[in-house]
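To start, the structure under review is shown below, and the notes come after it.
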Amino acid sequence: MIYREAGQFKTTYAADQAVFSIVQDRVAVAAAVVGAFVVPPLVASEYWLQAVLIPFLVYALAAIGLNLLTGYAGQLSLGTGGFMAVGAYSAFKLATAFPHLNVLVVFVLSGLVAAGVGLVFGIPSLRIKGFYLAVATLASQFFLVWLFNKVAWFTNYASSGTITAPDRTLFGVVITGPNSAPSARYLVALGLVAVFAVIAKNLVRGRIGRSWMAIRDRDIAAEIIGVRPLRTKLLAFGISSFYCGVAGAGLVFLYLGSAETLAFDISISFLVLFMVIIGGLGSILGSFLGAAFIVLMPIVLANAPHALGLRLPVALQKQIELMVFGGLIIFFLIVEPRGLARLWQITKEKLRLWPFPH
Amino acid sequence: MTAPAGPLLEVDGVSVRFGALVAVNRVSLRVGRREIVAIIGPNGAGKTTLLNAVSGFYHPYEGTIAFEGRDRTHLAPPDVAALGIARTFQNVALFKGMSVLDNIMTGRLLKMSGSFLLEALYWGPARRQELEHRAFVERIIDFLEIQAIRKTPAGRLPYGLQKRVELARALAAEPKLLLLDEPMAGMNVEEKEDMCRFILDVNQEFGTTIALIEHDMGVVMDISDRVVVLDYGRKIGDGPPAEVRRDQAVLDAYLGVAHA
Amino acid sequence: MLDLLYAVAVAPFRDMAGAPAFLIEVLIGGVFAGLMYSLVALGFVLIFKASGVFNFAQGVMVLFAALTLVGLLERGVPVLVALALTTVVMVALAFAIERLVLRPLVNQAHIILFMATIGLNFFLEGFGEMLWGANVKKLDIGIPDRSFIVRGVQINQLELTAAATAAVLVTVLAVFFQRTRIGRALRAVADDHEAALSIGVPLRTIWVVVWSVAGVVAIVAGLMWGAKSGVQFSLSLIALKALPVLILGGFESVPGAIVGGLIIGVGEKLGEVYWGPLVGGAIENWFAYVLALAFLLARPQGLFGEKIIERV
């Protein structure tokens, strides 16, 4: 009864075009955003911030990026890890070369560098499609990671081959590096994600999003109504890589603190792809749901035997985790191939009618 | 803008080949301003191929295609669209994952100007532009009587409605020339009548020139100003419907007289 | 600048001409590696052809087969019996995959099935290690890993055997596809699922058959790779090495998988030996991809694909 749209008439196209056109949605979303900024820093333990919330936000950003490319523009990519690496190493180089540069500017610039690299690796998408393109994007994944591993300049000639986020402040508070508080890093991550999620939503509901989806759904028809495939696909590669680049910078600066190229290997590409598929292709909300699912699942799995009073050898536990993880992914794909976002939508539609379904 | 004289579309001696197969063989035809021209012919006569050549999807092996007096034989499909040619497809080619409204809005893409930053913020001119185009699209939705399905994903619509939405998408581009590839295929009598009415209305109200491929001879005779007949890639007839109907070559092609 | 040009465009060829025996060794090494890639690529092609599934779990199937085989051998099972039992396991696996993964996902988008095989990848990795342990194991099937020298060219007996086996298997599969009834049914299914169903091709049986065949191919691949470099987790990564072969040869072409494998194998070895040192080595991870990509840009339909005329 509470969740009702009856009596809410839209009298302008502006109201009808709004992202959340039902009052209850607007109130709930506003409450959630305010809550996300206020509650965790006050309540959450360091473990929750560091092991759950920060990685969730960083991965959500990467998932939005990949969803723009794969979910909206229909270009399957397995190169996410490579583009994240570009962002991370650019951020490291920029932050160490220009110590006085505002760290938020560093993030945006690293995103732009990643976007540039993404444009280059997006060029094959004009000629090849589908799985061929997916395999082609693996080239970027392997090449980029190899490059950062081989060329010592990228790590400032560190003998360990790792990059470490330096201490940087924002409004006088240390927000990156070894001396930063998790709550500060959380707030920065949340701010970044909130802004970029809104931008992504604006892009996909307007001119650009429609041309992406047109290319995705029927590329020939899209051309004949005037969509230029190369420009449209490259734009998707560029923007997607920008998001992945910022997420990569966030991964090192806000979450891990320091990283080697191993942090950006092929498995991270698959992980982000899982988030997008399980969350829902072509859904910004789905990117968040998918990221939450993939971040939380290993933690639940790791703690489940303990909660059940079982004591398993470490190796066995790891193997069972892998099996359950793989099994759950298949299970979810079977139950709802369109992802968690679709389940959420169905729930909402039911709720609209509840408690009088007829 | 004053409309210059002369035909809107001039196809001159165009051939399209796929390997050894000559799908269209030295076809010439003219479509005058505000005309409704029907292209008819048996299956495999090269009708759709001709349309594809006009919309830039195939490029002719020989011959030229001119639009508003300017040669555009070798343009790519998006450039052809930018000149003001829109079309629908034989097997509906809607964007199935998008709503009907979004599908029709894609028809406005060429009329929208891009400012990436403003769009990212959905602010100022970007927002105004979006709403203006929405208002335009709503007029087309009213015109084609598809208000009730605005928010439905296009892939879930029945076939007849999909054809109508595809027409709406083409109209949203405010084309000078509208190419319709079998707009009534697979429709029942009632749906066909609706579609005929829409085509005539479009022609009269917006002054849109229309070239269409159709198999239903009743429809062709009713709505077209002129009929062009293709057979085995060649043009075998061209004239007002009544005249074409009496033409011996056309009758032979349709009644299946042996091609000696 | 000139130095660089010389180092890239002249020196490698001078080196090749200067030591022809070494060049032949490199080439032979490339052919061997290429045949092994072909073997893995074949597993992909079979499954993709018959079910449209891009089976990312092919690599882990190789690992799983090898683990099973080694596990049985370690428990004192004779080689032939162990091979037979492993085959039974792989066929059972094919049944299970058809029933639990493919059947519930029939008619879903390709990307969903692809994701499901990545899930399968995780599952099999955990399952295989749980059954047989995660340590590196030596697979000894009685072929000595020693070399002999023919006219100054060093040839490894194990590699030679592996290559010969791969060549035989590839030929058998090609004949199977082209000449047998079930092979023709497979091709029919690949062309059009619904049409195949309507003329009475039993889709589910076909799927079990191709996954079983892919399982057997995985056993052979696991045997060869395992004998050479031990049975360990990294075996599952050879799937990634087979992918460039696929873009080169086409996802649906058996001859493409073979020729593509050879090109990638030889190209990769040449690149690594003669050009690799210029950029600090370890280029084998990506060189094959770049090679395949460069080729694909010139010829998008792949080695054996026909140019597709798109209809609207």
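To keep things simple, chains are lettered A, B and C as they appear, and every chain counts its residues starting from 1.
Here is the rule we go by: a residue touches a chain if its C-beta (ideal position, glycine included) is under 8 Å from a C-beta of that chain, and two chains touch if they have at least 3 such contacts.
Every value quoted in this text rests on a predicted model; they were computed, and no experiment measured them.
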Notebook entry, point to check: So which chain is the furthest away from subunit B, centre to centre on CA atoms?
Noted result: C
Next item on the list: Return the chain label for which the distance between chain Cα mean and whole-protein Cα mean is smallest.
Entry: A
Next item on the list: Would you kindly tell me how far, in whole Å, the mean C-alpha position of subunit C lies from that of subunit A?
Entry: 32
Checklist line | Euclidean distance of C-alpha centroids - subunit B vs subunit C, Å | finding: 48
Note to self: Counting only Cα atoms for the centres, state how far subunit A is from subunit B in Å.
What the structure shows: 41
Note to self: Multi-chain contacts only, two chains or more: what residues does subunit C have there?
What the structure shows: 312
Note to self: Give the residues of subunit B touching no fewer than two other chains, as numbers and ranges.
What the structure shows: 57, 89, 93
Checklist line | subunit A, residues touching no fewer than two other chains | finding: 220-221, 224
Margin query: Under the stated contact criterion, what part of subunit C meets subunit A in this complex?
Written below: 54, 100-101, 104-105, 108-112, 114-116, 118-127, 129-130, 134, 240, 243-244, 246-247, 251, 279-280, 282-283, 285-286, 289-290, 292-293, 296-297, 300, 310, 312
Check: In the complex of these two chains, what residues of subunit A are touching subunit C?
Finding: 70, 76, 124, 127-128, 130-132, 135-136, 138-139, 142-143, 145-146, 149-150, 220-221, 224, 266, 270, 273-274, 277, 281, 315-316, 318-330, 333-334, 337
Note to self: Per the contact definition, I'd like the list of subunit A residues that touch subunit B in the complex.
What the structure shows: 13-14, 17, 199, 202-203, 205-208, 210-211, 213-214, 216-218, 220-228, 282
Next item on the list: Give every residue of subunit B touching subunit A within the complex, in rising order.
Entry: 55-57, 76-78, 80-82, 86-87, 89, 93-98, 102, 105-107, 109-110, 112, 114, 116, 119-122, 126-127, 130-131, 134-135, 138, 169-170, 173
